[in-house]
């Protein structure tokens, strides 16, 4: 901590929150809210006279509310930076602090939150985790039985810098507890709350047991566990040491804690799994090892940074094995428990690793980004003919399109992120996207529907989420119908109505329209554009009386492999339920309508060639079947 | 005709319905009269109490006593008839269990008199006339029997040989009992006669409730259209059939009305109302106290419902009147 | 679905295929269900749902059928909301039990039976039973077609809810019949200065042995009658106790939702609440009869309840 | 121009990966090769044990020269896995990296349809055909170069954030460490000693 404060290259902005993030790799613009401390950082010398003078006491969150602090405070004496704060919610405006500060004049009640912009080339997310509230498990009695405490409370109670100066006492009568029970996995590995293993709690309760044994050798400590997980260097040895010191380990997850109302002693009910017997034991104090859970504002940060979340809410890494420090957004990296529960060594390691990953960018003078950007055929743009349009301008999530009536729309390549929203939205097919042109995608659609199209389900997936979801379905071996034919675009915003009509015109049995969940979109609002369009399509197909379920819209994240498989299987069920003749008849009936809707496509550059190519391809493929 | 059996009929606190049952025997009664001597029947013939007092003890062969014990007079005559009769039959629900008059045990004497003579809406309340036990008139002192503070059954004040339930007992049962008496084939003393051993449900032809059928709301017969082939309880209607002795011939059930319980508890059951409560409360489907209160609100008068005919005979009444 | 569609169906597959038997393999043997359940502690030391799941997973079919766990689980589902893997354990046990019954195994439990000379076929027992154990059968008796209740002994868990609800006293099991319980109510209690209290206790409502000790520690004036479930309480038992001269009646059951027999405590609550309304109508409502629901975490509450009740009864006596 | 309009003569090379048993355990890659050989523009089609391995990459690079390939289709795994690998490989052989197209016949085919071998083979052929079709219309593209602001931001001042910030700072990069609480340190600062060596946390 102190190293960070001393380092000339580090600028600590404490009591500051991120408001907004713009830009892209190498060129981020971040808006920060410097919350008003009501103390001038450059004048405060951390003497603490203001706190001494302050008459107001409130619970100190840093001490898990076990000790008070003043309204003028620092959370702890070693705070970095050591600048006092005035808690305006608690302050009664007696101005005793101003008096105490005297000539220093560091206190400024007129201070307001300040918004500042910072330009940075890379961002590392290290927002950490928070703790599960064990009062949600009523059977353990936390918040009702005074002597049931959390592990974090224990940390403060046995800490020499804590409120009791390291003297462990129990809350009900301030005596030293002699018999302690630690309960592991409180809220974690528990499908009712959080299914994951919180990673460090086993070691954490062993640590506390060892510490307490050292301080109070005659105290009796029992750790109730389901499994003890010690998969790091020195951990198993540490566990051995705890056993040698006489810490008891009982395999069995307690089902109940009861309390004697008079003594406030606690009784832990559990099955000793090794014995197969239910045991009830009396303790002076019970410590609950709470689950590590994502920060409560993880959603907010995730949408600010365009980072998707795993099902549990942790930040999603680009690849769990190959790129665990990278977020899916170029130039944004992940460190520590915000990506998943981690102990200190792992957090430090990932912090350093993320720094190294970020260094790759920050040490370069320029950074290459993929040229998958939009391009306007000026001769096709109606605005150039003086017509009023501007649809592309409105669709772009990045403001990367310049539009002025009378001139062809113009793409600012440096600002374009390549979602393809403008391309699909342009009603005149005047814009294309490099590497995902209409011709390229149409050629793919034709190829996968060359034979027995009525059996096929064409699945359009966005690159970042649904394509990842499909990958995860495969990696997890969640099997689904082999009639699926997946096609990839960068964002659901690129899924042109023409593609869907064309697939149905060619006789596809089903079409899936799939992208990310709205808050996860890699392109800010791309998904919203795609979703609006998909809903319109759905209505059109309903009007055409297409069998419901042949066209389906689903938002599937990269973490939802099971969902991808389920959706495809459900679509297959829909097809299986329609008798084949009926399906073919429906396809034939709708073909002229579809035909009409895709007719204008042929004028798009390259599309005619794609049709010709596809015809050749189809002939060969069909011949292959006959042969 | 000295060896013709001597019979007596008496009504205490009753509505007269039991008497009508006897008259409903019609012509059969005339034939019957040739085989027996009716020595006392104040409802139908002119007898005086002194006529009874003049009889030898146990001179009456069988006495049918209907009506509950409400006042001094009821009790006095009950003792008298017991003394003069070989066999004393509690005839009809009132003398058997207290019957409808027994519901008076919900209140005390004073509030009943207040209600009847002062606050009944149809009354001219300005008069404030109240009955007096004793009243001086020019001719002398007129006394009326004193009303007790609670209603008793016949068996609570005298030894009863047989119980014949019903409000009123049905005619055919009465006729067959009379035949039995004539034949001298009366069963064990203390038995219930003129009724079945089992309950109404045993003979009720309706389709009974199935597993897991529970009640969320009690309804009254006028609130729903009732299926004539399905058990009332299964339709959410309180029916006293499960805890009521059969023998009535199901007139209510056949008229698509639930059993009201007039035949009293079946063999072996002490307290009809609490047994019925135990059965019906177990059908309620709720784990929520507030909802339970709401469901119970749909039973308008629990005591009157479960103990309609047997309150005077109940432990509840006993508890109330044991209170200092 | 079978785990492996190509392999023959295993015992575990058959259990899984019965509704309720799914998710069996999710058990990671934490033991929460075992310690949440009170059967091992109170009835059968060999009872262990976790091990039964294990027996199924290990294809130990015979052992599973013979295990007391298969037969003793009353489906109270205390364990279900506590299971971190969200396994519907009683569902799995129920699946094993149904397979065992198919194989001809029978329940070793002491279950209720019907006295046909008293049963009038009203189907109250059919409706109130939490386990669908009783059902009506038709039979020709003396040439007349008559209906009777019959109890499936493999379903009956012996709670006695039907016994208390039967209006004719036709259904019972030993120790739980009307006569067996009424016999324990004294005929007449001599009035003394100290009030007397009758406690009808559902044994499941006292989780800790310490609580049972508290109950037994009271002097003569606190009489205790053990019932298998508070659902066994019949308001008549309370009335009979009061008639005998006992000053008050305390009925103890489990917290709603924690009843060992699913709905027993709710049934008891309905009965006592309704009795209370009757007392009220009769102007007798003075808190002499109370029903309390004791939760699994209410250690020592029994002492509080009895003391409070005795205090209340003393104050009633002083008024008189 | 944004794409090839079919004027240029296509010379497509198709590489169907076995990925050990991951693909070849479900389908026969040789079947896909046979199928591809007949498709328009394909001048070279072959299977390869591991396309991503050095040997596989070398094969592609040599073929580009040997057969004068101007399009490469790799039928193997996810683009999220090896697109950069194969782009780099074709670039080394002098071909524009954007003229390489992948078909995902592992994650999205053999792994997802392990019990439907016939269906998987059919799908693998279709996906390869689609990649060939797309490749026919690919155009060479150049990477876009953007400048880099040589400053970093670390959001969160816990143990991971501090360690990131120190490492960046030691590399000479100006770093802003943002913390929403009044002090940095995070959960770590609240801890007593830490396992397994019992150091102080601060």
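Which chain is which? They are A, B, C and D, in the order written, and residues in each are numbered from 1.
FYI, a residue touches a chain if its C-beta (ideal position, glycine included) is under 8 Å from a C-beta of that chain, and two chains touch if they have at least 3 such contacts.
Predicted model, so just to flag it, every value in this text is computed and none were measured.
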Per the definition at the top, count C-beta pairs in contact and tell me whether A-C or B-C has more. B-C
At the largest C-alpha centroid distance from subunit B we find chain D
Please report how many Å separate the Cα centroid of subunit A from that of subunit C, as a whole number. 48
Counting in whole Å, what is the centre-to-centre distance of subunit B and subunit C, each centre being its mean C-alpha position? 37
Using mean CA coordinates as chain centres, what's the gap between subunit A and subunit D in Å? 23
Roughly how far is subunit A from subunit B, going centre to centre by Cα mean, in whole Å? 77
Residue ranges of subunit B touching at least 2 other chains are none
Could you list the positions in subunit D whose residues touch two or more of the other chains? 115
For subunit C, write out the residues touching at least two other chains, lowest number first. none
With chains as vertices joined when they touch, what's the shape: line, ring, star, complete or other? line
Those chain pairs meeting the touch criterion are A-C, A-D, B-C
Subunit D contacts subunit A in the complex at 2-3, 5-6, 35, 38-40, 78-81, 98, 104, 106-116, 118-120, 122-123, 126-127, 129-134, 136-139, 141-198, 201-202
Within the complex, subunit C is touched by subunit A residues 138-139, 141, 185, 189-192, 226-227, 251-262, 267, 269-273, 276-280
Any idea which subunit B residues touch subunit C in the complex? 105-106, 198-202, 208-214, 231, 233-234, 241-243, 246, 266-271, 273-279, 281-284, 286-287, 289, 292-293, 296, 299, 301-303, 306, 315-320, 323-324
Per the touch rule, the subunit C residues reaching subunit A in their complex are 28-36, 40-41, 45, 48, 50-51, 79, 81-82, 84-86, 207-208, 296-300
Contact residues on subunit C for subunit B in the complex? 118, 120-124, 126-129, 132, 134-136, 146-147, 161, 164-169, 231, 234-236, 239-240, 242-243, 256-257, 263, 266-267, 269-271, 273-275, 277-279, 281-284, 320
